[in-house]
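Here come two complexes built around chain A, the first alongside chain B, the second alongside chain C.
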Partner chain A sequence: MTVSRPPLLEAKHVELHYTVRNTMVLDRSTATVRAVDDVSFTLDEGETLGVVGESGCGKTSLARCLLRLATPTAGTVHFRGHDITRASPRALRGIRREVQMVFQDPEASLNPRKRIGQIVGLGLRLQGIKGREVTDRARTLLGQVGLDPEHINRFPHEFSGGQRQRIGIARALAVQPSLIVLDEPVSALDVSVQAQVINLLDDLKDKSGLAYIFVAHDLSVVRHVSDRIAVMYLGKIVELTPAEALYHKPVHPYTAALLASVPVRRRAGERAGRGVVVKGEPANPVNVPSGCRFHPRCQHSTEICTLVEPPLMRFPGDRLAACHHPRNLSDSEVALAVRSPLSPLSTGGA
Partner chain B sequence: MLQVEDLRVSFRTEEGEVKAVDGVSFSVEPGEILAVVGESGSGKSVTAMTLMGLTRSPNATFGGTAHFGGTELIGASEEQLRRIRGPEIAMIFQNPMTALNPVQRIGDQIVEQIRAHERVSRAAATERAVQLLARVGIPRPRELVRSYAHELSGGMRQRVMIGLALSCSPRLIIADEPTTALDVTIQAQILAELESLRADSDVSIILITHDLGVVSQVADRVLVMYGGRVVEQSDVDDLLDDPQHPYTWALLASVPRVDGEKPRRLASIAGSPPSLLRPPPGCHFSPRCPHRYDDCSNVPPLAAKLVAAPRHFDRCWLTAEDKLRLRSVDFERIGAK
Partner chain C sequence: MTSAHPPEGAGSQTSLLLREGGSNTEKTATVVVGARAEQGASTGNGPYRLVLRRLRHNHVALGFGGLFLFILTLCLLAPVYARYVAHVGPNTNDVTGTVRVGGHTENVVSLTGIPIGPTWHARFFLGADQNGRDVAVRLLYGGRTSLEIGFMAAAITIVGGVAIGLVAGFYRGVTDSVLSRALDVIWAYPAVLLGVAIGTSVAVGGGITIGPLDIKGNSLAIPALIIGLVYIPYMAKPIRGQVLALREKEFVDAARCLGCSSWRIVLSEILPNLSSTVIVFAPLIIAGAILLEASLSFLGAGVQPPNASWGTMIQEGLPLLPSSPQLVLAPAVALVLAVLGINVFAEGVRDALDPRARISLGR
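Moving on, here comes the complex of A and B:
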């Protein structure tokens, strides 16, 4: 493994805050929704990062910042060393050839009045490719994602949900990107079809060395494609760990809670409510808890958790977690922990 | 308690007749949780809604029977249904935001339901609403009884739906994907709520879901539906330990898991579910089934074939021995089990 190669994508202290007005007519006060709150990570060429969290944790907002579909209110995103947070529209166009997105709802993200050949071919046309070559390339792409190239003149409504998501993937692949940001690409699909799409993404990655950022709301679907997984809670990354380590030895109590909440088979005589490991619900991102944002729901929380925001610490095995009481670590592993340079600025200096 | 025989529901559409439910039979015993599992378009929701008389329309035709207590539900008058909905059978819908009235306080909605069925004072009904909200885990029920649906989170709204369903002490609750719209940590809380409900009373629950994880955690018996038909029906343990229908075992293998070792590859089922407008002849799963053969162009009967499990039914022509062999080959190939 080479050390000197710069990362493909580097997010530094990315922050996306929205100002919301109070809904009362005479009340002009405003509040700030801290959708993404100082998030940093790097992604290497050909790597897949899973981003997981419950609704409102900021995972989709973060994905949008990475393509500058939303402009971060602070922080930077560098793609191959170019800062895309301040790039001109012209420069952005070049970058978006390299970074593509696949959306959650294939119904809403495909133009119903365009034939799929046009949908898949648009990116190619924008690159100046013309005529027959566009059609030929579009056919090849449809074949690559497991659709019949003969269907190139059909409309999106003539396809099933799983097939439409394949069209979205073909469209993203058309411009030969090096990174695809996938926002809940299989959440709208039935489980048997979901497996087809996950396997397809896996195969494409093996063949072409693509990097993915795979956003999902539960840990089960990202397992099969991810090299590393970032778990988000209320706008912050609470754990960032190589994938298999996360499933076997989660460090952050919230990660452990997400894993334990996945329903599994009840054994004979087991009492009800086995899966309930966290009480309550995530706080409102307008009014986040002090200290560790997870502390009101955490069964391990102590006084320090209510007062001091834990920095993102790097534990042996490249496991990063922001917790005062990390789990599944030996005393020697805890002793070897160092503050990660990815840690939020608000957690103090290195 | 509930006995459904050969239920058929079809809808006339511009493009032709859609047989949404094609001969479904099952029963529900007091105090049990029966899960109906299937993918979109399998007919699971239409089956449940038909029991409540919610699929009636000029374009719908019905066949078969559904006996509940002494009443026949299919073809019951609106007046009869009104007496059943609430005190006998209650329903919990997938999306509480659209199921709750947005301009009526949640407490008033519960009070309205109680007073529609029982002669009690408004004050007494309100007191019961507070008790119900407390029972389903709503904090500060006396205060929140005056809130509107939009002021509550998704999980809290679903708790209100459960409270509303319980308000007239029904004997059967039909829950249609009650946790699908919820985050996984909240889903765990709601599932625990349903389990404790069943433990505290002898209410029966029909749980409609696409999630086999949910089924394995809370169900007693399972109905697997595909293309409008029941393809397998058994106790939950039998189904998970010894699935008999090739669709069921493919479905089990395609569920991504967080426990155990990661399989090399997720199992997937080629193709997509059938169009019920033009369903394939014979077994509806046959076009996607890797084990189909000539017999599959005829519809197999739903039959019990295992001597050891007389309550385990499946709709497949393969013999039990063939299935055992083919299933182990399938699981071997994908590295499952």
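Moving on, here comes the complex of A and C:
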């Protein structure tokens, strides 16, 4: 495989740390929240990467770094070879349109004082398109996302959550991006509406060859749309694996636990609780555990887990996982593992 | 080695749902189209439609709003009344004049210095003051002055307060600290005290010169400017708080993703969302400004004589309170009615906009 051109998006050791200041006059201590801690991955054109993890594991922070809505404290994000982490606002403007975002909260993501036509047409007008053409293109876009183009003069509060999310998607599509970052696009919606929106996203991808980064806290949602899935825990990627392999043979114990926690419909008489449901809550990102961050909650943890942070290892089948005790692998597969170049810099061992 | 089993059931259940969802898309879409078509599909209901409907049902608020409008109209018609009914101007002295009331002639100002009471005729309808000026004419002219100052001051407060609140809330950091502390300095003084201090110093100095702008000492712009300035913190603080919340909203992020510049985000994404706050505050500030103008003029720091305003009229009539109470009562009643009218109306607007809001001028 020759590398003829750079990948669509490349995150290298991205770090986003928030400093929390104590505002007391005498006690000026500070604490650092490690929202995203040395995350690396690449995304190809037209690929869909699912990002899953519990609440507060840094999924949204990572997404905001990729769009430069937050500037990473360390590391770089390259879009088609251009570094967007250090780009000036002016240089950023051209690249910005290539990467769009669909937000989690359909309530807050649309300006309540603007008509749908204005919201969808904003991107077009910023590109210098004027007058009738903006309206016509906005109507077409509304039709594309399954809304009635006649509703162009309505206000956001006149739409349901699913419809609003469609408007958000139309707004993102307006500037013809090559990547859309979807930040939990369906978690605020009813299950049946979730399915509609996911199907819509799938159709759009088939038509225009978009790449997605699909952030979700629910593995069953990303399964159907993702080519690869990254599992995050406390600001780090613990597993990055092609979607089907992840569901059938999770390597990291945390992934296994997440899969087991998806509610399953059981036949009568079948006993509940066969899976390993993870215990406790994620640790505080201000005060992360030593070694492997998952070790206090992991049933396989041994002494090495408390001492050495496991590197991200590449196992056969393009499966990446950071664990001292990988699951679902044969001995020969473990023997073939090599340290991935995406591995965090601070990890021990080789 | 498998410790976790792949949850097959979950997967198939979800995919089933997905397939069902696919066919649902068209169904809901057509249903929605059908329902909307009945209401006339093309234009949406603006966010203020419901507000207006709620306000229409609040008859008390509408009544008091009407009262204020009535007073406002009367005051705006002051020159018409002076010219065609009373035939005197607001500052026309007539100490030695006489007037025919009920068939016999009376002095406008009696030999003991007591002005004539209400005649209930075209001339001296509400009587005269110690200089023989027509109280009714002065009342209307004074109201015009007071209301003009009220509206001008409110405009200054709203423009200044929104601008400062926007900048402080959007840029945060040092800009916010500097602006907020500056507002605190103004806020630290009671409004009347600060108004009197600035007003007297300007009156003594005989006017202000700001660059090419030269405002004379007796200009109405001076009390308007002072009152507008004094109220800016009351407006800027809540606006700043709202901007702080709005700038974190996802639609601001979306605009930034599309390539909007900061000023564009401020003007076209954030500013329109402040309109309800401004609408609620505007009448309250007008009421406050009218009252403050009356206080300042009463204390001699606002409108300068011989110009009439309700405040100066009360102050001038005070020495004659025992013999001619109408000199104080007329402007005082007008003042109370005007302020009451606009305040009750403002409260109705606030209730219609957000029934749970707790907004009031002052601390």
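The criterion applied here is as follows: the second predicted complex is superposed on the first by the 327 of 350 C-alpha atoms of A that agree within 3 Å, B and C clash if a C-alpha of one lies under 4 Å from a C-alpha of the other, contacts with A are read in each partner's own complex, and residues count from 1 in each chain.
Operating definition for what follows: contacts are C-beta pairs under 8 Å (C-beta built on N, C-alpha and C of every residue); 3 or more make two chains touch, one makes a residue touch a chain.
Here the structure is a predicted model, which means the values were calculated and not measured.
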item: First, second, both or neither for A:Glu150, with chain B first and chain C second; value: second
item: Which of chain B and chain C A:Met101 touches, first, second, both or neither; value: second
item: Which of chain B and chain C A:Leu126 touches, first, second, both or neither; value: second
item: Which superposed partner A:Arg115 touches (first chain B, second chain C, both, neither); value: second
item: Which superposed partner A:Val308 touches (first chain B, second chain C, both, neither); value: neither
item: Touched partner set for A:Ala31, first chain B, second chain C, both or neither; value: neither
item: Contacts of A:Ser220 with chain B and chain C, given as first, second, both or neither; value: both
item: Touching partner for A:Asp190 - first (chain B), second (chain C), both, neither; value: first
item: First (chain B), second (chain C), both or neither touched by A:Glu244; value: first
item: Comparison of chain B and chain C by chain A residues contacted; value: C
item: Intersection of chain A interface sets (partners chain B, chain C); value: 163, 191-196, 198-199, 220-221, 223-224, 247, 257, 259-260, 262-266, 274-276
item: Contact footprint of chain A on chain B as seen in their complex; value: 39-40, 153-156, 183-189, 191-192, 195-196, 199, 210-214, 216-218, 240, 250-251, 254-259, 262, 265-270, 272-273
item: Contacting residues of chain A [partner chain C, same complex]; value: 64, 67, 69, 89, 93, 96-97, 99-101, 103-105, 108-116, 119, 122-123, 126, 146-148, 150-151, 153-155, 157-158, 163, 168, 171-172, 174-175, 191-196, 198-200, 220-221, 223-224, 247-250, 253, 256-257, 259-260, 262-266, 274-276, 299-300, 327-329
item: Sites on chain C touched by chain A in the complex; value: 1-7, 9-11, 13-15, 17-18, 20-22, 24-25, 28-29, 32-33, 36, 41-47, 249-251, 253-261, 269, 272-273, 275
item: Chain B-touching residues of chain A, taken from the complex the two chains share; value: 54-55, 160-163, 190-196, 198-199, 202, 217-221, 223-224, 244, 247, 257-266, 272-279, 281-282
